[in-house]
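The following blocks contain the structures, represented as structure tokens.
There are two complexes below, and they share chain A, which is joined by chain B in the first and by chain C in the second.
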Partner chain A sequence: MARPRLAVYKFSSCDGCQLSLLDCEDELLALAGAVEIAYFLEASRQALPGPYDVVLVEGSVTTEEEVERLKEVRRQAKLLVAIGACATAGGIQALRNWADADAFRRAVYPTPGYIRTLDRVRPLGDVVLVDAELRGCPISKRQLLDFLAAVLIGRTPRMPAHSVCTECKRRGAVCVMVASGVPCLGPVTQAGCGAICPAYARGCYGCFGPMERPNTGALGDRFVALGQSRDEVARAFRGINAYALPFAAAGDRFARSDIEEG
Partner chain B sequence: MNPTPPLGTHAAIPKPALDQVLGALRDAGYTLVGPKVADGAIVYGEITGIADLPVGWTAEQEAGRYRLRPGVPGRLFGFAVGPHAPKRYLYPSTATLFRTRRTAEGFEVLPGEEAAPRYALVGVRACDLAAIAIQDRVFLDGPAPDPHYRARREAAFLLAVNCLEPGGTCFCASTRTGPRCTTGFDLALTELDEVLLVEVGSEAGAAMLAAADWRPASAFELTRARRALAEAEGRMGRTMDVRDLPDLLYERLDHPRWEAVAARCLSCANCTMVCPTCFCADVVDTSDLTGGEAARVRVWDSCFNHEFSYVFGGHLRPNIRARYRQWLTHKLATWIDQYGVLGCVGCGRCITWCPAAIDLTEELAAIRGGEPT
Partner chain C sequence: MVQRRIEVGALARVEGEGGLRVVVEGGRVAEVFLDIFEPPRFFEAFLRGRTAQDAVDLTARICGICPVAYQMSAAHALEKAFGVSPPPGVRALRRLFYCGEWIESHVLHMFLLHAPDFLGYDSAIAMAQVPALRPLVERALRMKQVGNRLVALIGGREVHPVSACVGGFFRAPGRAELAALAPDLAWGLEAAVEALRWAGSLSYPAFETDYEFVALRHPGEYPMNEGRIVSSGGLDAAVEDYDAHFTEEQVAHSNALHSRFRRDGQSYLVGPLARLNLNADRLSPAARAAAGELGLRLPLRNPFMSLLARGLETVHAFEEALALVEAYEPPDPPRVPVVPRAGAGAHATEAPRGMLYHRYEVDEAGRIATVRIVPPTAQNLRRIEDDLRRFVPMVLEAPHDEATLRCEQLVRSYDPCISCATHFLRLQVERRPGT
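Coming up: the complex of A and B.
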């Protein structure tokens, strides 16, 4: 059987997620043996044409050209996998969806007329059908390898939709919110990272995005009870996954001063 | 060499002599696991002797709040339970059940764990002994005992401690599972000001105590221990009225309180992870990139996880109301039908470690109030 053909594409993003693939030092040779890396500009100048069996796509969609390019990538992809918060939820740059992009353009660029962008930053799933999502900023290389191994052997990949707390407790970390009063998005954030931040005594900042059916309102209320202002709560939700629907709704709710305390 | 104390002996040893007992356990091949201070809490971890214990430390515990505090100087066990339970060691959060390797002929099956570790669990409280007894029923009774649990359980030594400093969320007096260790231990300590009283609960315990310079406890010392325990029983931070269970909950499955608690509950699963009796797990397969090796792994799971109750066709418990009700009703009602005992041992961990500060004693009291619905 021919080796599955793998491609890696990038849209508006920092490259960090595709670097996670290169960061798989110990497994990189096994990976290169298991798949044919047909298109991965960050790793090789060799750029073979599609179609591809698995396409990992990093980044959000911010221009008309990217919309068209993503549609073409979709046409070449048997399995299209969004990797990272930009691809799955728009990423940190989606914060501009709450602001006036024109004003930014004028403030940043000497000749704003050359800059053409969409009025909103869009996750891949807004534009094309996405077959699977690997969350995170950056993604977990462990989860990426498990996903690829699962695809290769034909089993269900392990992508839990539950809270970071489940992983945090499994590894025996002490809850930073209970033991130190540190606000932590772990109770509403999807697992997969291995609870890295709480294990190093800092609160989760939600880089894996919302878990399945998160109770964001109740967590925000709890942050307020711990002494955070409503504005601080809004900013906690408006981070890397600000544009993911449950976080966006919570951010909006806590940002609105007119509903202060009911 | 000291004489070996008979079963049921109440002995007394000077506090430093505990190191002799711990040393004997280590010499016998046990890995010592006990309470220690780490990351702002009293957790379980590997210890080597008294010096590693949280000497002079205690903790304030309230719903959703835990703070390490200096306690009585020199006190070895002046604190209530922390986030970790013996469950971590007898029923680990991640366990490889078996592995497979591809061969020329097909594949071979290999054990997940070569040999069960032998843990001496130091400082186990009465509530946790009760929890271990419950997990024994879950994993060992019936036609299909769990070999992984059994191997670790049979290899374990339990050095228990009577609780004289109940915490703010403790209610073992209500569930009648503490504060005194009555059964299921190898040795049980009671810490008085100058000495440790040691009750011998097994032959293995007697052999380990023989390593220390023990003498029979005096009637005076035993009276002091009894009084301290009676006093501790009156200082529980919480109470829970367990009358009329399980029927009380069956009659109130549509109580409005379920909706109210669901509005606060994050469904994050922390309560079930810290609960010393919760046993639900997921079983997942892993494989490597070459397809040459695979493993079947068991990990702690929770009825609070949305995908936990997914079956073909949909979710059995699609919202938080249904999941919280499932958990509380299992702990305090259906558990009795299933295993003949309450599923709650009054340790208070689910109260302290709930990031939303939900208190099951308060929830049960609220559901108890008002008419059946």
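Coming up: the complex of A and C.
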């Protein structure tokens, strides 16, 4: 049987998620034997045309050109996998969805007319059908390898729906919110990172995005009880996964001054 | 008139998205464009109103390959703005953190991005299919892994680490945790010396340029987190005065701004070649010995030989990391508290690809008011185009595919990070003389 054909595509992003594949130092060469890496521009000059069995897509959609390119990638993909917060939720650059795009262009570039961007930063799922998601900023190497292994042997990938709190307990880390009163998004954030932030004595900032049915309202109220202003609570939700629906709604709810803008 | 075009729609084995266009008319290079179509992400705009710690965590997201560099430039600049100094021991730990990033980034570039050009393969993965080359690739992956483990141990993870903060670190690793890495670092040092011997055996295109090199220089150390800005043309300035000496302009074919000297509008070079040429006397003993063994005569003016500079810096980073691990005492506390106040702070550190400048203004609540970031690749873009203009005539006689590959190889020599180079702030339009 022919090896499955793998492609890696990038849209607006930092390269960190596709780099995670090259950071699988122990597994990279074995993986390259198990699949045919047909298109992975960051790693290879060889760019084979589709169709591809599995396409990993990093980045968010921020320009008309990217919309068209993503649609073409979708046509070539049997299984399209959004990797990382930019692809699954728009990423940190989606913060501009709460601001005026023209004002942003003028703030950064002296000749804004050269710069063409969409009014809103979009996750892949706003433009095409996405078959699977790997969360995180960046994604977890362990989850990536598990996903690829699952595809190779035809089992269901293990996708956690529980919160970072569960991983934090399993890791034996001290709860930063209970012990030190530090605001932590762990209770509403999807597991996968291994609870790195609490283990490093700081609150989770939600880079794996919302878990299934997160109780953002109760957590935000708890942050307020710990002494945070409603503005600060809004900013906590408006981070790397600001545009993921439950976090966007929570951010809007706690934002004081710009709540009318919606 | 006969027109010939060399075009690369999307450059491979670089970070981010860029293309290359060269137009030759009647044997003369008419136009050279490094097209940067990586879309902008407007970091300077959305950071306004955020906390200082957000600047440390979020500017890391500009680049997945050198997040530590962004965190270090941001933390130092903001510590100046708030007037705080991190506790003793943090300085050494930050240097160790940076060694890890130099190792993973340099080895990635040397072997996975650049080496395939020299050996005639499309990728390091293709090289690994050749039995004679597989050990080279395996050794490189292991070296890169040691660098990544160092970053992950100090920062929590390899890409976008979480421990760095304004004032120090959220958590400092224990002595035993770092000591466990010592055998791998010792192995890495030997491996890096071997890797450099291999790099010395490659054949480099004969192409030299009269660069003005720009890098940090520190009184006693090879520069990472601290130093003054110096150049081979005699510049010697405090990092706070960066804007007095350099400026940026926007060009139509690029979503990245181009840097140049204010003095005369000339381009300049930052990165491993510049650092090495300006700081060779600060290299570690093993790196100096390795340079001697190679018979390197400085300054190196051949951009393709930046591979050797990266190799030397990798030897240095392994040797220094080993020494830092052996002398390590965990800083206690790992950070000082930051009391918000209005102010401004600017700092530059040496990212793997070269000098990375950050400047912040903060309001009385400690929130970000303005941000300015100048990444190394934006500083090199103009220089890369200048070099291509001179290099293209040398390869015009070659078959088209070969000429294209050689131009790509030259561009890859600078290890351009296009994700870094886009979305940066400049407030004034400047036009080049004569246009």
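Quick note on the criterion: the second predicted complex is superposed on the first by the 256 of 262 C-alpha atoms of A that agree within 3 Å, B and C clash if a C-alpha of one lies under 4 Å from a C-alpha of the other, contacts with A are read in each partner's own complex, and residues count from 1 in each chain.
One rule holds in what follows: a contact is a pair of C-beta atoms (placed from the backbone, for glycine too) under 8 Å apart; a residue touches a chain by one contact, two chains touch by 3 or more.
Being a predicted model, the structure only gives us computed values, none of them experimental.
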Partner chain in contact with A:175 - chain B first, chain C second, else both or neither: first
Partner chain in contact with A:14 - chain B first, chain C second, else both or neither: second
First (chain B), second (chain C), both or neither touched by A:240: second
Touching partner for A:96 - first (chain B), second (chain C), both, neither: second
Contacts of A:196 with chain B and chain C, given as first, second, both or neither: second
Which of chain B and chain C A:148 touches, first, second, both or neither: first
Partner chain(s) touched by A:81 [first = chain B, second = chain C, both, neither]: neither
When both partners are placed on the shared chain, which of chain B and chain C touches more of chain A: C
Which superposed partner A:185 touches (first chain B, second chain C, both, neither): neither
Which of chain B and chain C A:213 touches, first, second, both or neither: first
Residues of chain A that lie at the interface with chain B and also at the interface with chain C: 201
Interface residues, chain A side, partner chain B - complex: 27, 30-31, 33-34, 145-146, 148-150, 152-153, 155, 158, 160-163, 165-166, 169-175, 177-181, 184, 186-188, 201, 211-215, 218-219, 221-222, 225
Sites on chain A touched by chain C in the complex: 10, 12-17, 19-20, 22-23, 25-26, 28-29, 32, 37, 40-47, 62-63, 65-66, 91-93, 95-96, 99, 103-105, 107-111, 114-115, 117, 137-138, 193, 196-197, 199-202, 205, 207, 235, 239-240
Interface residues, chain B side, partner chain A - complex: 38-41, 43, 64-68, 83-84, 88, 93-94, 263-270, 273-274, 284-291, 294, 299-302, 304-308, 319-320, 352-357
Residue ranges of chain C touching chain A (in the complex, touch as defined): 10-17, 37-46, 50-51, 54, 57-58, 61-65, 67, 104, 108, 112, 116, 122-126, 128, 134, 137-138, 141-142, 144-145, 148, 156-160, 162-163, 165, 170-171, 249-250, 252, 255, 257, 408, 419, 423-429
